[in-house]
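Both complexes shown next keep subunit A, but they swap its partner, so subunit B is in the first and subunit C is in the second.
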Partner chain A sequence: MYEAAFFLLLLLLGYGFGRLAERRHFARLVVREREMNTLPAIASRYPPTDRAYAQHLVGGNVVVSSDYFKSFVAGLVNIFGGRVAPYESLIDRARREAVLRMKDEAHGLQATYVFNVKFETTRIAVGRTGAMEVLAYGTAMIPSTGDS
Partner chain B sequence: MLISNLEFLPDRKVMRHLGLVQGSSVRSKHVGRDIAASFKNIFGGELRGYTELLHDSREEATERMLEQARSIGANAVLNVRYSTSSIAAGAAEIFVYGTAVELDG
Partner chain C sequence: MDYENRQAPEGINTDAEHPLRLFLRLAFAAVALLLIIVLVLQFSGGWLAKRIPFRTEQAIIEKMGIDFGDEADSAEILDYLNSLAQRLLTNMPRRESLDVVVHYSSDETFNAFATIGGNLLFYRGLLERIPHENALAMVLAHEIAHVLHRDPVAGLGGGVASTVAIAVLSGNAGSGVAGKVIGRAGVLGGMEFTRRMEREADRAGLAAVAAVYGHVAGAEALFQLVADQRGESKVPAWLARFTSTHPLDADRIRSIARHAEESGWSDEGVVTPLPAGFDEWLESGS
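== the complex of A and B ==
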């Protein structure tokens, strides 16, 4: 009886706090992405030749954890198969956050582009539910001063 | 030392290829962080301790790679790639590799 109540409490806590955190995070992401629109991240391997640039490797990483509710729903979906929507939004948030952190670093170097952007996602074991790390990295293109 | 994941730089010429250089680092976090992380597993969210840990680990691996590049007389490392594997419960290996080159200028 107590166990069932405890389980329901965890589920509720996970749902409540998880949803709130997710909604806030998405709102923050939209604002920051708009600010960083002036610094495009480009997946091309061919750097621009319009002017002279200095280059530097930049990257951003984030480790996110699933919440109790998401893990529970994922477990249910696992039985029948199909889209695991709670994890899709989680990994989307992580990836966008990683890109923004990469852009923040590039912005600090006065870069105007980030080229050859690569992503890497790794599952990291933390407790029972696990967590994942997303890394985004690329080459910051910093316009050389003096010539244009 | 120039470090980039581009394969070539439009306005620099590669004078010499010096071969593959690499660096790696295996780290795990202390128990306190693990306990904090298990709470996070209920509420969800970012595990800042782990983010920092992996960030520092990556910096260390990169520094090791650069050290190797310096020792063979390179002034740049191109086509740098990262690789992360979780090798045991609570430990992750960061591996970074690239091509050491000598650029003109």
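== the complex of A and C ==
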């Protein structure tokens, strides 16, 4: 009886706080992405040749963990198959946040572009639910000083 | 060449369905699936187990060499319980091969149960609280009915089959919370099966008591006793009804009263007292 009540409480807390955090994060992401769109992150391996650039490796990584509610729903999806929607939004947030952190670093270096952007993910075991690392990295193109 | 990052529209990588809606949809489907699987396996596993000859059941128990209770020092109580059991048994519809043996344990446990091979075990903790023979006959007849219905072996067969299925399904849901909850829910589903067995054993037991004593007065004393023993429950009745292996005491008392009325058995009559040395007999085993 107490166990069931405790389970429901955890589920409710997971849902409430998880949802609140997700909404706020998405709102922040949109604002920051708009600001950072002046510094394009490009997947292409061929940087512009219009001028000389100093190149610098930049990266941003994020480790995300699921909440109680998401883990529970994902477990249920495992039975029937289909989109694991609770994790999709989580991974979307992690990926966008990683890009922003990478851009932050590039911005600090006065870069004008980040080229050859790549992503990597790694599963990290944290307790039973686990966490996921998303790493975005690329080459920051910093216009060389003295070059006109 | 111009390079730019355009702001991508929201919602490409996420699902529009509200998470609570998704949760409810999946939870409902999982519970339904689980109930169907458990019920089907309980019934089919139980049905198959009942095909095992009773003699095999007895042989298995014999081979396992389980000691039921304290046989050596409790001759009088065992004689009395077994003769009462035989009186009831002759008044119950049964296949010839089915038989019961009553065992006695001087343990304080408030319980009595039937297990495979027609073995019944009665604990002192229950017997010393029994007010009269009619109440005792009701417990005995109830447990004998379990043996006659082959419930112990069916419970074992159905239980094993559904436990395996629950383990597979909950394993599929991951080792996390969902798996655990699924496992728990499956066990609850199986309980409806045992509650059904209990209700049928109550009815058959009551019929035997009516046949032996000519009335069913005092039969409900057993459930009253169980209810008193259990004490005030903190769990609300609607929940207990679903989460318990046995029907609720109050429901059972109502149900046997209704069954007695429908069958035309009188609930008024003189109850037979327990034999004079009953209390000393109980002591002898300890």
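Operating definition for what follows: the second predicted complex is superposed on the first by the 148 of 148 C-alpha atoms of A that agree within 3 Å, B and C clash if a C-alpha of one lies under 4 Å from a C-alpha of the other, contacts with A are read in each partner's own complex, and residues count from 1 in each chain.
By our rule, contacts are C-beta pairs under 8 Å (C-beta built on N, C-alpha and C of every residue); 3 or more make two chains touch, one makes a residue touch a chain.
Small disclaimer: the values here were computed from a predicted structure and weren't measured.
With subunit A as the common reference, the superposed partners subunit B and subunit C fit together side by side.
Touch criterion met: A:118 reaches subunit B, while subunit C stays clear of it. In the superposed model, the vertex angle subunit B-subunit A-subunit C (Cα centres) comes to 110 degrees (nearest 10). Applying the stated contact rule after C-alpha superposition, one finds that A:21 touches subunit B and leaves subunit C untouched. In the superposition on chain A, contact of A:76 is made with subunit C only, not with subunit B.
Contact with neither subunit B nor subunit C is seen for A:136 once the two complexes are overlaid on the shared chain. By the touch criterion defined above, A:89 reaches subunit C but does not reach subunit B. Taking subunit A as the reference, the larger set of touched residues comes from B, when subunit B and subunit C are compared. In the superposition on chain A, A:102 makes contact with neither subunit B nor subunit C.
In the superposition on chain A, A:68 contacts both subunit B and subunit C. Our summary of the superposed model lists a minimum C-alpha distance of 11 Å between subunit B and subunit C. According to the touch criterion, the shared surface of subunit A, contacted by subunit B in one complex and subunit C in the other, consists of residues 48, 68, 70-71, 128-129.
Contact residues on subunit C toward subunit A in their complex (touch as defined above): 1, 3-7, 10, 13-15, 17, 19-20, 22-23, 26-27, 29-30, 33, 169, 172-179, 181-182, 234-235, 239.
The part of subunit A that touches subunit B in the complex is made up of residues 10, 13-14, 17-18, 21-22, 45, 47-49, 52-57, 59, 61-68, 70-71, 90, 97, 115-116, 118, 120, 122-129, 131, 133, 135, 137-139. By the touch rule above, subunit B contacts subunit A in their complex via residues 2-7, 9-11, 34, 37-38, 40-48, 50-51, 54-55, 58, 62, 80-86, 89-90, 92.
Taken together, the subunit A residues at the contact with subunit C in this complex read 1, 7, 15, 19, 26, 30, 33-34, 36-37, 39-42, 48, 68-80, 83, 85-86, 88-89, 91-92, 113, 128-129.
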